[in-house]
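Paired with subunit B in one complex and with subunit C in the other, subunit A is shared by the two complexes that follow.
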Partner chain A sequence: MLVKTNRQLSILTIGVTLVSLAGCSGGSDYPDGYKSRFVYSDRTDSLMGEAQNGIGDLPGVKKLVDDRFGDPQKLNAWLKLPIDFGGVTGELAETPDASVAVEELTLSFDGEVTKDGDKPLLLQFVTGKAAPSIVFVSNWLAEGGKASLTAAMDVPPAAGDQVVVNGGGVLAHGRGLYMRHCSHCHGTSGDGKGPTAEYLVPRPRDYRHGVFKFTSTDAQSKVSRDDLYRILRNGVPGTYMPSFVPMLQEDELVAVIEYVRFLAMRGEFERKLVNELASDYSEAALQSRKESGESRKDIVEELKEFLTDDMQDSLAFVSDDLAESWDTANSEDALIVPDCSRIEDSIASRRIGRELYLSKTLNCADCHGISAKGNGPQTTIYEKNPITSELYPDPGLHDVWDNVNQPRNLTQGIYRGGRRPVDLFRRIHAGIKGSRMPSFKKVLKHEEIWHIVNYVLSVPFNAEPGHAPVAVPDEPAATAAL
Partner chain B sequence: MGFRNQMIKLFTSRIRHTSVAAAMLLSGFAGCEYGGGAVLVPEVTIVPADFSGDSLESSSSPEAAPSQAATSGASELGSVVGRVVLDGSFEALTPLHSAGADVKDKEVCAKFDTPDERLVLGADNGVANVFVYMQKAPKGTQSLNAADQELIFDQQYCRFLPHCLVVPTGSTVKVLSNDTVAHNTHSYPNKNQGVNSGVAPGDREGKLRITYNRAEAEPIAVKCDYHSWMNAYHLPIDHAFAAVTDKDGNFEISGLPAGEHVFAIWHEAASGKFVERKLAVQVASGDATPIEIKYAVSKLDL
Partner chain C sequence: MKKFWALFFFFWPAVAIWCCLIAPANGWWFPGKAMSPLGERIDGLFYLILGIVIVVFIGTQFAIGYVLWKGATKPEDESATFSHGSHSLELIWTIVPSFVLVFIALYQMDVWAEFRVQSYYPEQTQEDGPKMEVTARQFEWRIRYPSAGEQLKNQPQPGDLYAVNEIHVPTGRPVKFNLRTDDVQHAFFAPQLRVKQDAVAGLIIPVWFEIPVAGEYDLVCAELCGWGHYKMRATIVAEPQAQVDEYLARLQGEQNFDGVVEDADK
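Right, the complex of A and B next:
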């Protein structure tokens, strides 16, 4: 037994009771220690203080991000983003008579709104004087758009005010699922630094660059919802990312995907805002400018001018760009579709693939090695971070997350982005975003890519690792493709 | 006595204590919402798309500019002509690798000496490859329309040509290769989208085309992943007032309205990258007197 005497046991009992009661402050509020927080990136922290926190009323990067995305307890669903927050948007069709208590509203919605039995509809005002208050609709008549509220409104709204009914449900659902299933690796903010992350190689994805590696979209496009769905469904073989089917249902998968996109957009928005300021207002720039003779006071004045005059344009550019790129990623135009059907696997095709692999045009062996073991000469060089010009401590090429980018060992037959031939086609066509695998779409014809795919799929089954196979003509050739 | 002992034993037994402790622990935890942070259902506030200040239609200065342009005629335009000179003595950098060195793809990359382009000096200590540019277009100038412009970005003997390139936003950069070996072009912009694409050997028509849509605050790096010493700099800019010094350090920027203008002088080997962040130059209309921009040796970070 841990305690030897009954006296010690009594002390233990009383002590534990006191601690447990003191540590929990009862009631419906939870203590601060349990609140989740979104962290700011290191890039944000490298800016000078006034750029991070703002000057007076002028918001800095941190406030600009918080206003649009909120914190994990109170999320902000920014309608500019192409995220399905859930709910139906609409607007107030008529200005209600403000002289009496406003208990009835006339609304018109962009989609169909149905009331689920006795459950009241949650109506949130997005714009206008009444925003952002929430009211509950006890009775809803689709014809005529009449909504009866459970209580009178404090602030009377006006016609044209935008509203959302049952909004934010998908986001809230996604957040709950994410915190339960994903945050231990990917972190509360999607920074890939959850509590388990330090024990994992490769590291969990840091969403905040807005870059995902294994996509079906073009080299310049972002990840699509389908790609994220595939990752959740299949996991990422060769890494710690598991499959979440059938643990998560369809609607849960959809919600998690929206929340992951939300976190990715938040991180990217923050990063892009910092990029607008970093050249002139980072701590390093501040030091350099002070050495050149400028005073800190002048620099702060200049920053103040920038925040007043130019920040609007920057915000507009950044948010338009963000919204557009994430939206077009889901379109058919972004999808990589080979212009010829798959060339059937054959010894001849594999030989052509092997020749292309070794050719001077592609020089795949430079990274992937002559035997395709992922041990090419590029894995031994020391290189500098292209942004900071500092030498990386480890040899080899590095990816955009500053991790060592190990070229794939093709002899193992583990393909992280999927092992369908078209998946490998897409890896070669678009490259792997964020990594040092370049896009070869400007160098190769689609037929040539299929030959390389056939070669790659045959590599694990070759007697001599990486060599072109030599099989007896009437023997069926082994292949990884099914 | 026996009964009393038995009672004491019962009430002070360890099992009793442990179970009481457990019960109190549980009740204590039940009183607080353990795990509130992760399992809590969050509030969601819907925020309108045109967040205050985000829309470009908000009144800003561009409206004022055209009236100024209308009043200033062509005769009031001037130019800035000058040289960037290294102030002090400096021993020229040795080549990165000499002809015939045992480097990757040496038949091509070591055909000639590959110079260290971080600091290239010309006649009279003139410094080549220095960017001289204005951070923002001066008021009263026309906005740039470079959608039809095409620039060439070539590579030969495993060197990018040119090493420094000013790229008007909206123009097309054609990436060419004059080498028989594989290259790729990997750019690292801040405000634009980067590109990481292979370039076919001997591609003279430039299948890879790059367009920058936004001006950058400073030049961005462009590298080749196959040959780690290869690098170049692009400066995407949304006006015409930018130049790169030639091999002797000379540059010229014309079409500027008369008055005082502020230039940034950027060089890759300078500490902090900027030789000068704000060089004020008085521009007179008509011909310009050449200026000399001193680049102190102490500013070098090699």
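Right, the complex of A and C next:
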């Protein structure tokens, strides 16, 4: 018998407890505790060291990104971006008397500020000398806008300084939810490289291109908040993206969407900065420039000049473009609205659609195949990687994420971006962003698109539609329409 | 020390009695009120078996305590008697439990048949046929309804209506549906309805339930199906038939949406 006496029993019990406790703490792997962090893209890492890390006081790409976006523990709200960071913005109405310690401020806010019991308000200065300091408001009188601070300010602010109260709440909320529910596939940085990602086909989206496939917006536009909401609500059939309703509440969905947009903008900002530098200052460029006789010292000198003189313009250009494109995606102008209602589904309409599908100008069959099984001749070619100019190892079309981009098998009746007629209309009108499905808005009239939609929706219910001519039954079988 | 062990074994049945007395009032462990008629009968079985188990547990524990106590209070110098056991005692403790088990096996049969055996499903469900198809998938529930006035077919049909993580069923009548899975094994678990059925790849499993009271009921996956298992939450909305029809009409409208919103002012 294992335990002969009570004495042995007690020792055994303690031993087991100790072993399991030691197993729980397991802190040796992470001496500072585990901290999640944003990683930089491979392209950033392919720049020469000085371009990544800066020269002296001149910031490199990494610092420029970090200053604007922070890290997961401490997110930065870059107010230039069209992100709802939460909180109420306002400004300092009066310059406080700097001769005494500043313990009271007069503020005016754009919205209503309410204080929740004894919890102090968090007030951050966004502009002015006092920025980016954070102070706590112990007492708030909405009438007159008087805020008493918990401690005197180090740097006295001036009238007109922009402030935000309780800012960043939405983003912080979204971060918590994202880390719990999304990051295991999409990764902490939104790079689509979470721990479970490698088991999935297709791969989870890498947000850092700022490109999302299934949108309701125009071909050149970004994804709108509504599009992301629809993805979270409905999931993406045919992929591993599930629906997150009813698991997440309405306010949680909104927070996750803002955080995903934040990650996408971070990635895109980093990417675009690298674009400004990659042609001249990547490791590869450095190598070839050295071979053509330039010395490393000269190149670093040139980079220093670039960072001093041109970087400001580049930054302004990149960030203006970023802010504007993400903002306009939510506007009504970006939304694709057909200029005519869906052409009523009929055999005749499907025939027109099929003719367009097979026509030389559209050439849908080149990828999707004559029988629409997603097996067109393009799926067997070897493509060149547009960045490295080397052949991809696998045959088939590739998307901007360098994954094989299988044209949809239309006979399966699985529509990743939604099965409503308008969803298919938008896929054809704007294409599928990031993929090889192009926009057909320039070559097709809206009613022609509807004919193709009618044909595509009928495909799963006809055997081999591409081979035999579409049979004309007495009564047309209805597709999605009643 | 000998007496300690005897008391130790008396202690547990005493705790069990105490728990049984106060548990119902505190709602400990019990799964709440069943929201379906079959669920109530399943609960009846549960409580019957629980009662039998409690009686057996308390009885055997007291018996052990009694035997230990008798041994503990024997004078130290009295030598032990050796016995080959009692044939009649052995017969009793074999036959009595087997009668109890046979009784349970027979007593639960009709409930089990109604829950699991298709030919014993309520007549209404035989007439109506399946109302929808529920497909479990890593990590969500996809629902396919037939279009208005049509019967559900196993193959998708033109005009079928699709929804995700939300099932609308009429109240006050048994509703049958087909359960499938797209990938691994999942389990359709509606705790308030006491329905739990595995979804097995390659099988189409008819399941039924009846909800008398309108309201929202939980649906979760009860078969660990992967890292996102916990995400498989859905809602079963029970409402009068008219509202279900309204919902399906709305779903139809959404599914046919062509993006053109007629301006009301025009």
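The rule is short, and it goes like this: the second predicted complex is superposed on the first by the 433 of 482 C-alpha atoms of A that agree within 3 Å, B and C clash if a C-alpha of one lies under 4 Å from a C-alpha of the other, contacts with A are read in each partner's own complex, and residues count from 1 in each chain.
Keep in mind that, in the parts below, a contact is a pair of C-beta atoms (placed from the backbone, for glycine too) under 8 Å apart; a residue touches a chain by one contact, two chains touch by 3 or more.
In this text the structure is predicted, and so the values were computed from the model without any measurement.
After superposition onto subunit A, partners subunit B and subunit C are found to sit side by side with no clash. Of the two partner chains, neither subunit B nor subunit C is touched by A:Val254. Of the two partner chains, subunit B is the only one that A:Arg289 touches; subunit C does not reach it. Once chain A of one complex is fitted onto chain A of the other, the partner contacts of A:Leu228 are absent, as it touches neither subunit B nor subunit C. Of the two partner chains placed by the overlay, only subunit B lies in contact with A:Lys272; subunit C stays clear of it. Touched residues of subunit A were counted for both subunit B and subunit C, and B has more of them.
In the superposition on chain A, A:Val65 makes contact with neither subunit B nor subunit C. In the superposition on chain A, A:Ala365 makes contact with neither subunit B nor subunit C.
In the superposition on chain A, A:Val102 makes contact with neither subunit B nor subunit C.
For the pair subunit B and subunit C, the minimum alpha-carbon spacing after aligning on chain A is 7 Å. In the superposition on chain A, no subunit A position is in contact with subunit B in one complex as well as with subunit C in the other.
Residues 137-140, 142, 147-148, 156-159, 162, 164-166, 227-228, 231-235, 252, 254-261 of subunit C touch subunit A in their complex.
In the complex of the two chains, the subunit A residues touching subunit B come out as 1, 6, 9-10, 12-13, 16-17, 19-21, 23-26, 28, 30-31, 34-36, 67-68, 70, 72-80, 85, 87, 124, 126-127, 131-132, 162, 164, 167-169, 171-172, 175-176, 179-180, 183, 219-220, 272, 275-276, 278-280, 284-285, 287-289, 291-292, 294, 309, 311-313, 315-317, 319, 325, 360-363, 366, 377-378, 381, 383, 386-387, 397, 431, 436, 438-443. Across the interface of their complex, subunit C is touched by residues 181, 184, 196, 233-235, 237, 240, 242-247, 336-338, 340-342, 413, 419-422, 425-426, 450, 457-458, 460-461, 477-482 of subunit A.
Residues 12, 14, 17-18, 20-21, 24-25, 28-29, 31-51, 53-56, 58, 60-61, 104-105, 180-182, 184, 186, 188, 190-191, 193, 195-201, 203, 207-208, 214, 216-218, 221, 223, 225-226, 228, 271-272, 274, 276-278 of subunit B are the ones touching subunit A in the complex.
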